[in-house]
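What follows is a set of structures for review.
What follows is a pair of complexes built around chain A, which joins chain B in one and chain C in the other.
Moving on, here comes the complex of A and B:
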């Protein structure tokens, strides 16, 4: 297990470097220029040239990249071209929002998805069909539409949840949870349905195995069979799907944070891209990469816990 | 694969799990509604506003204009205040006047007993230092200040601004929207970087960098040292950054913000939600026929062709189709209600006349040209597409080149002199402002100049009252004849005001009102 961890961590270093090079290269392809954005419509060529020099934008990109990279090794991601704030402090202030959002979504996807999937597999009949149809509908509905409908219903019509905004956990746990309910529902719809489908198929498979039949034959309580034996075995493919879903949710935060006005990394990514704020874009690239690596690591660890064969290898 | 039997096996566990999820979600709502009270958010004494993006800078010398001036106007007083209904009101300057006859020397008398939030007193020297700092700080509003030659203190409470050429709008440039009149304290000037985390003005509120979240929430606390406490209507002010039009509407509808910038797409819903929807004409959408010398497009060098284009646009139809009740046809470089607007002038829709002018100029079969536009103000380029499409009626095959990465980039394209025509809105509340805008920068990349226009305006800028209005109107007529600028329609600036907020006013002379004012009768109030 330790070997696996070490392997993952070692692999993450070239991955971060690769991502930063790709982000750097892609950003340089986007037309536009931060100096022009800052100076606006009254910009003069002299003003732009002066600002270029001040921001170091007149240097060749390899040199700029190297400069950024050497900062990275000291934990310094540079400063935002617009606000002048250190990128790390700007991103750390927003990390909590995105992490809260993604973790809640993973949790909801895992619990609700597994519950629905297993219900459909075990219960069968018309009730199961209803669950299946609902799952498919969830997969088909675009989450931006769902988000808007949720706000219209549960924030504007029935004033149950706030329409926009975020309250930090430390400030008020109740308000924190309340500010996340609608965004989490909108963002985890896809996750719930993907997990439900996987859990249903896996449960059907497990249900049909000899050892479940033997357990039943020996009169083991149904609840014990479901919770201890079926759930555990069905959980392995669910965890795989959950890993993929969690990563896709990261990109989903870009949109959901915009609609619900949550000050997270996703909304910052949009703002920084339109502004050509390269240090911030690169910082977000690094943060997202690290989060994806950690998520994958957690998936691997979960495998190990669920399946002794993985641990042995 | 064998299908498992599904004969009525029940699992109380599953029901339990589903209920658990449901309970968690409902619990969240329940526990918070008991602790959070109404979803209104702000208490009655605090004001929460929406703005569409982060401030360009919290340093007033580098900040923006329009509604974005709110980020600095809350914490910094300007020398002169422009009220919502467009009147110039004493603020840090209690009186002002031109010295001499030709609008070149402008003098202001300062208010006594005013203190900056850093504790130092407001003096003529402090004001001169702030204004001079603005001139060299390199912000985007430097051009708004007019042709300033020098600024000096001519007494302990008197400041004199000397202009290189006549500036009839000196008082207007000293208001909260144009940068130079927004006064920064000596400590802030000594360390401009500090202004990004703490304000140093004489304003009603003080920016609090500690409770603000960059790009999301900007908070301002009440300034205990403000010179007129009776005009301070709120315990504090928060500006929330919300860009998405639908999210803005939801936040305003549920009382999360009491004031927001609206959009035509959500205005009807806002009205139905009992929000007070205020509007004032703001943008004058214009087809700029920049290449009037015919360098890149020979036909545009002929005034008859430019006039034909002006006659070919069905402004009423376009305004109605594109902006509904929030747009109106525009036929002049100035909008109705502004100084210099010429009633009963301007181009009507006359396709026959347009066609005959084209034939007269030798272009009966039309020609092709590229028109530069952008998609930040003209969302999805619907306006530009409609305008360009209408040119087809007189045989002009116009192709749009769309810049979507930013106004700065668009401005760079315009100045490259590659595009004979450009679509962009102008804004100005009199001929001085409108002329300053459209005779420079992206509105005039080829440097068009007309002797008759220049001499009329030079006379106008040095005069005042009815004389000036008459000369401004002559300039309007000259702009009309030249047809360098073909105005199409004006769009309104929309503002959503919550039911608890009163005394918010807007007008064609000030479409971007501010919550604070130096006297109680002009400030916004909470019911």
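Moving on, here comes the complex of A and C:
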């Protein structure tokens, strides 16, 4: 167990480095002047010179990278090229939104996906086919499109939920939840279907094991077999796919947050890309990477708790 | 979005890969998917020629017109024709997918092949890098690339291909690893082909199915991301037509006109679906081609109802099985058990003996109502304690299980749920059969563990199944089975997986438990030693039929069926040191190949022409002895005894 966690932490350091190195290297490789790209065609030579100064473009990229990296260790990710604010303070203000969104999505995917998958495996027949069709649609429909349709249906046509905006949890838990319902549905669709697929396969496999047969053969009630023994054993592969799902959710926030005007990291990333605001994008990259690492650690912990063989070793 | 790690498909054999495309096209799903993709790609490629309007031309007289004769899919809020915009927009989307997939192949193919084929340091580094890349939040890198390269979608798609390649690389590496072990690859190396030649000629073709599957799934994911980026207007700047951009246009006016969401949404969804399904179809086709050609199924032949003179279930028996037939479901049902019959008296131990494939386990599972999902009882009766149980549904059967009929299985380790502690598992059954919970159930569980002679039951109760030995696990399984004080215990090869010394202990335990509780045991085994040790009666099965029934004492001296005799001779106990074990030539015919006459005839040294002519009836030889052999008189006459 400890070994597993140590392995995960050891992998996380190259992960942070990889993301940032790639961005810095690309920036130096790109032909032409980055400052001109950022400021556009109508930039004045003075403006470009000032930006050069600000971005440190007169230094070689390795040096600039080193500068950025040493800043990172002091919790300094530079300043936004656009607003001039410190990147960390801008990101910290938005982190809560994205984390709430992703955590809710992971939760929904885990619960709904497992329920659907197990239902499909145990029932079989037409019920299973309905779940299959639902999963295919869930995988095929783009989440931003679903987001718009949800707003159109449940915020505009039937005014069930707010169309846009975010209320922090500390302010009003009820409104916080209401503001998240539609975004979570839109973003979870992929997760639910991916988990359902995994849960179904796992359940089918568990169903055919000796130990389930022995429990049945010795008179244990079907409900106990399904809810305790099948669920517990099918949960192990489900947890591993949850890690992958969580990473994809994080990416998904970029597409969905904008639709619901949620002030999170995803919508900021879109804005920063439009503005060519590299320090902010890099900062978000670091934040996302750290969130991914934490999510993976959580998955490993859950895996270890569910699987006694890992826990014991 | 990130690609899900797909389970690696089983590598198809080299020859099976030829004609993959043809098989895909021949399956209905494959034909539809490929046709859709071809039409879509052609239509988008030829958009400048076939699109009804210029995608940028504004028809202000027909703003948001909805589908009509002039505008098949309607127009947007500037009066631009949606169909023309879809066709033109598809160009950038499909081109993006192509760029990403080509990049994916360029990166993943060589690294995967080399990692799998060369192994060593290169492999270790490549796998480590792949593991790291798998957890990269891909979208952020794409956004950085778009920002640096001034919204160049091509750069973003190439970056996406590079970042997505770790999944395919792993799959190819796996395939290359297996290919490396194949004889023909070794042979090619010995013939002096260079490594590159071996890889290109022999290893690469093996991976073709896997590559197509992964690439098409990746294409589906890429299209989602590409349209997402254009939706955020991070691709070609407006007013250029893009699929994502059309969704964004529709989003801004959905209050007035919801229709505009439909054409781009449906197009994106259908295209993603087509890519995804293409992967599925290729996977199914490769799996089918890999699986051995199905054995030709002859017409089903069932024997005559057995037990001449005793067609009715015995009423004085604890369990009485008559004419029990089991077949698979489906259009061509396959008979697995053919008119099986036997009796078990209260407190008696009956051995069910035969080679693998004779139907022993299937019989045992039919008795306890736990046939595999695709099998069912087609005829016959199973009478337990005077009442028929063969038609009971699962709910009614559950009332019998545990309390009156219980079971233990062959692999003690596999029989215990690995996720729960021993104590909790036994208590689970206690709860089911005694209706008690919590501390009381736990106390009873400890008592049961003590009854099966487990030393220090409290400590064992706290362990997980993987922390105890096989013999111990079988004791735990027995504890679970006797929790409800059953009258009949079905024991499917309870000692096969155990060491010889442990075997004897488990048999002793079963015997003493049986005497304490007057419990009958149906003991499935292929071990004559076990039969001699504990059984009072023997039922010998062959190819889904009972061929002999006899008291255990009699069968060893005078087997009444050539199969029984052959089984006894092949048993290691009957072989002296230095002698060759007299294995039975041939093997049990599979249900597809059951002959009309005696099913053992082809392996029998007493067979004569009459044996293969028709179904062999069961003969009553003497009190308690039945044989399904025409030549039983010759056999028992001593002439054939060795």
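Keep in mind that, in the parts below, the second predicted complex is superposed on the first by the 283 of 313 C-alpha atoms of A that agree within 3 Å, B and C clash if a C-alpha of one lies under 4 Å from a C-alpha of the other, contacts with A are read in each partner's own complex, and residues count from 1 in each chain.
Here, a contact is a pair of C-beta atoms (placed from the backbone, for glycine too) under 8 Å apart; a residue touches a chain by one contact, two chains touch by 3 or more.
Everything numeric in this text was worked out from a predicted model, so none of it was measured.
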> Looking at the overlay, what does A:93 touch: chain B (first), chain C (second), both, or neither?
Replying inline: first
> For A:227, is the partner it touches chain B (first), chain C (second), both, or none of the two (neither)?
Replying inline: first
> Is A:122 in contact with chain B, with chain C, with both, or with neither (first, second, both, neither)?
Replying inline: first
> Given the touch rule stated above, what does A:46 touch, chain B (first), chain C (second), both, or neither?
Replying inline: neither
> Does chain B (first) or chain C (second) touch A:108, or do both, or does neither?
Replying inline: first
> Touch check for A:309: first (chain B), second (chain C), both, or neither?
Replying inline: second
> Looking at chain A, which of its residues have contacts with both chain B and chain C?
Replying inline: 30, 37, 124, 148, 151-152, 156, 208, 222, 258-259, 274, 276
>> Under the stated contact criterion, what part of chain C meets chain A in this complex?
In response: 1-2, 4-5, 131-133, 135-141, 143-150, 220, 224, 227-228, 231-234, 244, 247, 250-251, 254-255, 258, 261, 264-265, 268-270, 272-273, 276, 368, 370, 372-373, 394, 398, 400-403, 405-411, 414-420, 428-429, 431-433, 464, 466-467, 477, 480-481, 483-484, 490
> Touching chain C in the complex: which residues of chain A?
Replying inline: 11, 14-15, 18-19, 22-23, 26-27, 30, 34, 37, 124, 136-137, 139-145, 148-149, 151-152, 156, 190, 194, 208-222, 224, 228-229, 232-233, 236, 241, 244, 247-248, 250-252, 254-255, 258-259, 269-270, 272-274, 276-278, 281-282, 284-285, 288-289, 292-293, 296, 306-309, 312
>> Looking at the complex, which residues from chain A come into contact with chain B?
In response: 30-33, 35-43, 47, 50, 82-85, 90, 93, 108, 111-112, 114-116, 118-119, 121-125, 128, 148, 151-152, 155-156, 159-165, 172, 174-175, 177-178, 180-181, 185, 204, 207-208, 222-223, 226-227, 258-261, 263, 267-268, 271, 274, 276
>> Quick check on the complex: what are the chain B residues that touch chain A?
In response: 2-4, 6-15, 17-18, 20-21, 25, 28-29, 31-33, 35-36, 38-39, 41, 53-54, 56, 64, 138, 140, 142-143, 193, 196, 213-217, 240-244, 246-247, 250-251, 253-254, 256, 273, 405-412, 441-442
